[in-house]
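Read through the structures below before going on.
The two complexes that follow have chain A in common; it is paired with chain B in the first and with chain C in the second.
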Partner chain A sequence: MDCETPLTQMNTNLLSLHDLSVHFAHGGGQTTVVDRVSLTLGAGEVLGIVGESGSGKSQLLFALMGLLASNGNATGHALFDGQDLLSLPTKALDRVRGASLSMIFQDPMTALNPYKRIGDQLAEGLIHHQGLPRAAALAEASRMLDRVRIPDAPRAARRYPHEFSGGMRQRVMIAMALLVKPKLLLADEPTTALDVTIQAQVLDLMLEIAHETGTAIILVTHDLGVVARICDRVAVLYGGRIMEEGPAETMLSDPRHPYARGLLATTPRLEAAITPRLPTIPGAPRSGGAMLPSCPFAPRCSDKMPACDHMPPLRDIGPERRLACHLEPAP
Partner chain B sequence: MTPVLEARNLTVGYKIPGGLFARPQTLPIVQEVNISLLPGQTLGIVGESGCGKSTLGRALMYLIKPLAGEVLWSGQNPAQMSPEVLRKNRAQMQIIFQDPIAALDPRMTLARILSRPLATFEPQLSKTDVQTRVAEALQRVGLSPDFAARYPHELSGGQAQRVGIARAIIGRPKVIICDEPVSALDVSIQAQVVNLLMDLQAEMGLALVFISHNLAVVRHISHQVMVMCLGRTVEQAPRDAFYARQLHPYAAALKQAVPEPDVAAERLRRGQSLPGELPSIAHPPPGCVFSSRCPQAQDLCRTARPLLKSYGSGRQGACHFIEAPP
Partner chain C sequence: MIPFVAKRLWNGFLTLAALATLTFFVMRLAPGGPFSRNRKISPEVQANIEAAFHLDEPVYQQFARYIWGILRGDLGPSTRFRDYSVNDLIAAGLPTSLTIGFWAILVAALVGIALGLAGALRRNGWTDYAAGAVGVIGIAIPIFIIGPLMQAYFSVYLGWLPVGGWNDGWRSLILPVLVLALPNIAYISRLTRSSTIEVLRENHVRTARAKGIGPARVLLGHAMTGALLPVIAYLGPASAALITGSILIETVFALPGIGRFFVDAALNRDYPLVMGITLVYGGFLIIFNIMTDLVRGWLDPRIRHEG
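Our next item is the complex of A and B:
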């Protein structure tokens, strides 16, 4: 397997993914949904992972969190804070997950326990992982609920999840995830199910508190607007592979990969001139299948050439920018 | 020209059953809405969840009977039609839904799904005619005729939405209500479906009601835009005028909240989000529906509900403090 990131760079980063792949066994076969992804993340940095359905973006997070379905399996390395998340025994992984690695999901209702009061659920992490006495943990939970602007926090802490609106539940999730001041927050489409004005609130809040606690974020999203709002860097994923990666600012103003360019062009805008037809990417996102030797985007790509039968490696094309496409000549 | 679809002071609600001590009551969801839609035109209806936009869509289809006011289909009131006439007239009104796969019966082939409206509205058609129409409808939405033998689970989300559109157009309707038709689809597929709807509109002279929470999508397809908040119209305007300047602070806040793929612009918007949430539609505030979140709210806004007033050039707004546009 190609080694795409020199091992020497890995120690200065909070998280280094090295050839991370995720496979699912089924029938007599195997489907690869994440294919040799290498990425790094610095402390406090906000990285967006952008992709459509089937790009493997959520499975990548699940693999880091040790939450893959029972027929799933992750290979490669994920060095987090000096430990490889993929080879940690469950007990050690539990310690990491409670103390320095948290995750929030698109649907907060699936992550909250419907039978337990919000305050108790929040306090749990502090009691188990930081050994706080119950009363102190509850007080801290209530302070955090207030911090995420849940009105009347001490009373809200005594309520059950179903008593909150969708936006409030997502704020409760954020409070829960950031209460232990983790070093890294994994956020899987956290605002996709919310109304736009509530989405803006939740994104603001997530970023504010992460800055306070020094937490780094990996945000998985399909929305380039959300990336622009909170991300420092962005990686575009297609068919389980990174197509392009770089600082959010230059990636969104000057994307190089035909897929990244297509995504940006198809995103409807509020200010751009209205054209009779919206630009489109023909075809549909790739779903499942075995690992390909070719570029997974080739069947939809208008710049396809014979060389695309072999997936190009991700290589440097400028300051902090990496691209996996035959189009761009090497500098 | 007669509008193909009109709503006049339309008020729609749901009955809440009583309990041991509670009386049954009626909860109005959509209140005093006025719409007039000409053939070949698109009305975009925008609002957040719970604002009544889907209920309004169903009321325009006359699937929910109005509590007050009326719906007119090409000038005719469905409430005054006999059941037989109403059934025939339903052919001119069709609807497509947000979750395209859930909207298709999993046990039916696409041929059967697509021929159902024909069986209802044009029972005189021969079997061959039906097959021809099914093949034609599939081709019109960009699918090959051999899709007719497939089942819904064999489709991607984008293909399923195309089938939903094929089912809507097969009976040659005048109006299609599109209820969040692209919000469940991938970004690259959304644009394909929006383009398809616009093409069909041009070919068939269709009028569309495009219900969405996404102001950026609505901008591309609509001729008129209507913003709803807690069951009421707060602003209505021709598309270009609306996007150039919103009269109502809620409409402006909605536009402001849409994140755009522009890092410089978005960094400036950080921390600018509007606080609070909308009140429940079951307990609307006495004054303006937006008063609890409005950055410009005054005492008047919390006590007196502003009426929808005209501001020239087809613009309407419901706010006490709208400055007339130049």
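Our next item is the complex of A and C:
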């Protein structure tokens, strides 16, 4: 592919983000909701992104998919499979999204087209990207619906979204996103709509299908139990910035950032597969403002020091671990 | 789908029956009768005329006669145009009204939807401003002003088109159709624009874009249905109103449609003709409402399944 930029040459990762920021324009001003995020993801890897509501998780994923609202724009680079997603023209982006890059949306109640049979909605991607005849695509679709345990799949494929419960619709979304066998799946809280008792089951199902096709996953979740169970790595997002990032195992057992520690300290049992929403930390989350020079978490941080007026860069603090905090002395 | 259709047909029938009853009694309530004139006529002649039109019968009998007539498709004799039945008069006027109304609604729907879509897709582009201007003109300036203005310019000044009347084939059609379509173009384009903008923001359209199927398919396959549903809901009743004749248009352009008969009939207390035209209008309204419901039910499974 495009091997002219040195960035690409050096990169063997499936996805690498360099200083990805998302800004929204409004009333002459501009808000930054994702702030210089850099990350890498290897093929087949599962990366968890945690952070409280409003920390920019969804907008980060939308930026990759080219789905930001019309007043939004993304800067930086997002190299996926050798192409910079952020600078691709729509036509080229449309060869990537829905084919090698797909997404499960947060709100299953409204994410499906109410006027189309779900079978057709699933088949559409296969017909468009893989040139399958309609009948074959529909057969594939109903096979996939069966795999996500939708009862009586061939019949269900002929139904409309309003005939399904929220949980069933979320399964439909999962089936739709995985049907095209993407290289990377962006899953935005894929199990929030589900009954707590079956969240784990559906998540495992999603993981199982993804493993078969070698699909890497970015999983946005509020659930640290889920992170512990299925993620290889985890990034903690706060106020649009990555605070800490590393292998799930070591990060969860030994978090360094005060925010990450706060998250874990208030999580009762990490082993439990199911925990409710993220625990609360005193103070209010930073609402996206202009790119602040200070650490966004400082106002709520119990370890605040004068240096926090300048946001520290994300630096390596051990094997594969990165942290953006003044607490940890530079090695 | 069959109970859905049956239910609407039955409701339509009931509405029409109620309408027939209501017009009958409202007409009787109004003071005066078709033959109460200032001019004196001898009591015998008066009685003869009233007998000929069954006005001497008790009201319930008149009502029964009237309903029985409707059931047989006979709307009775006209009291103003004595040599004609109401059926004859409607048959004479309706084709003119239907023709003008049909073309007006077609032009309004096509141009209105196109302008609305163009405006929504390229907001603040020149088509958006053009549509906005048409909208302001079409809604703010009434027919009885814009009609004569167009006549003055296209017919009198340029001499391209007839000023009015119905004797110049398609050339007689152009001005009335345009003037009748204009306010509807304005309304439909605004409706289309706002509903399209709204639908394009919906989550399921975002899902469609995420599939990488291209902007055209996203629009036609996913956004269009939701965007057009409100437009269709408006088009149904509007079509009924347009094709059954616009009183203003038919007056301004001197067209022999049923709109003008209606004015004439109302001014002359021609009960049967007023009731007949009201029923025709009601009938069209009901039919178009049913058709609207069917189209909406066909497009939106949620409406269909609700029954």
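Heads up, the rule we're going with is that the second predicted complex is superposed on the first by the 308 of 331 C-alpha atoms of A that agree within 3 Å, B and C clash if a C-alpha of one lies under 4 Å from a C-alpha of the other, contacts with A are read in each partner's own complex, and residues count from 1 in each chain.
Just so we're on the same page, a contact is a pair of C-beta atoms (placed from the backbone, for glycine too) under 8 Å apart; a residue touches a chain by one contact, two chains touch by 3 or more.
Note that the structure is a prediction, hence the values are computed from the model and not measured.
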{"item": "Simultaneous placement of chain C and chain B on chain A, clash or fit", "value": "fit"}
{"item": "Which of chain B and chain C A:Q59 touches, first, second, both or neither", "value": "neither"}
{"item": "First (chain B), second (chain C), both or neither touched by A:L207", "value": "first"}
{"item": "More chain A residues in contact - chain B or chain C", "value": "B"}
{"item": "Spatial angle chain C-chain A-chain B, Cα centroids [nearest 10 degrees]", "value": "80"}
{"item": "First, second, both or neither for A:Q199, with chain B first and chain C second", "value": "first"}
{"item": "Touched partner set for A:E249, first chain B, second chain C, both or neither", "value": "first"}
{"item": "Chain B versus chain C as contact partner of A:A228, first or second or both or neither", "value": "first"}
{"item": "First (chain B), second (chain C), both or neither touched by A:G125", "value": "second"}
{"item": "Touched partner set for A:N13, first chain B, second chain C, both or neither", "value": "neither"}
{"item": "Chain B versus chain C as contact partner of A:S102, first or second or both or neither", "value": "second"}
{"item": "Shortest CA-CA distance in Å separating chain B from chain C in the superposed model", "value": "11"}
{"item": "Residues of chain A that lie at the interface with chain B and also at the interface with chain C", "value": "none"}
{"item": "In the complex, chain C residues that touch chain A", "value": "201-204, 206-215, 217, 221-222, 225-226, 299-302, 305"}
{"item": "Touching residues (chain side chain A, partner chain B) in the complex", "value": "52-53, 149, 165-168, 195-201, 203-204, 207-208, 222-230, 248-249, 252-253, 262-264, 266-271, 274, 276-282, 284-285, 287"}
{"item": "Partner chain A, residues of chain B touching it in the complex", "value": "48-49, 156-159, 186-192, 194-195, 198, 213-217, 219-220, 243, 253-266, 269-275, 277, 293"}
{"item": "Chain A residues touching chain C - in the complex, by the definition given at the top", "value": "65-67, 69, 90-91, 93-99, 102-103, 105, 107, 110-116, 124-125, 128-129, 160, 162-163, 173"}
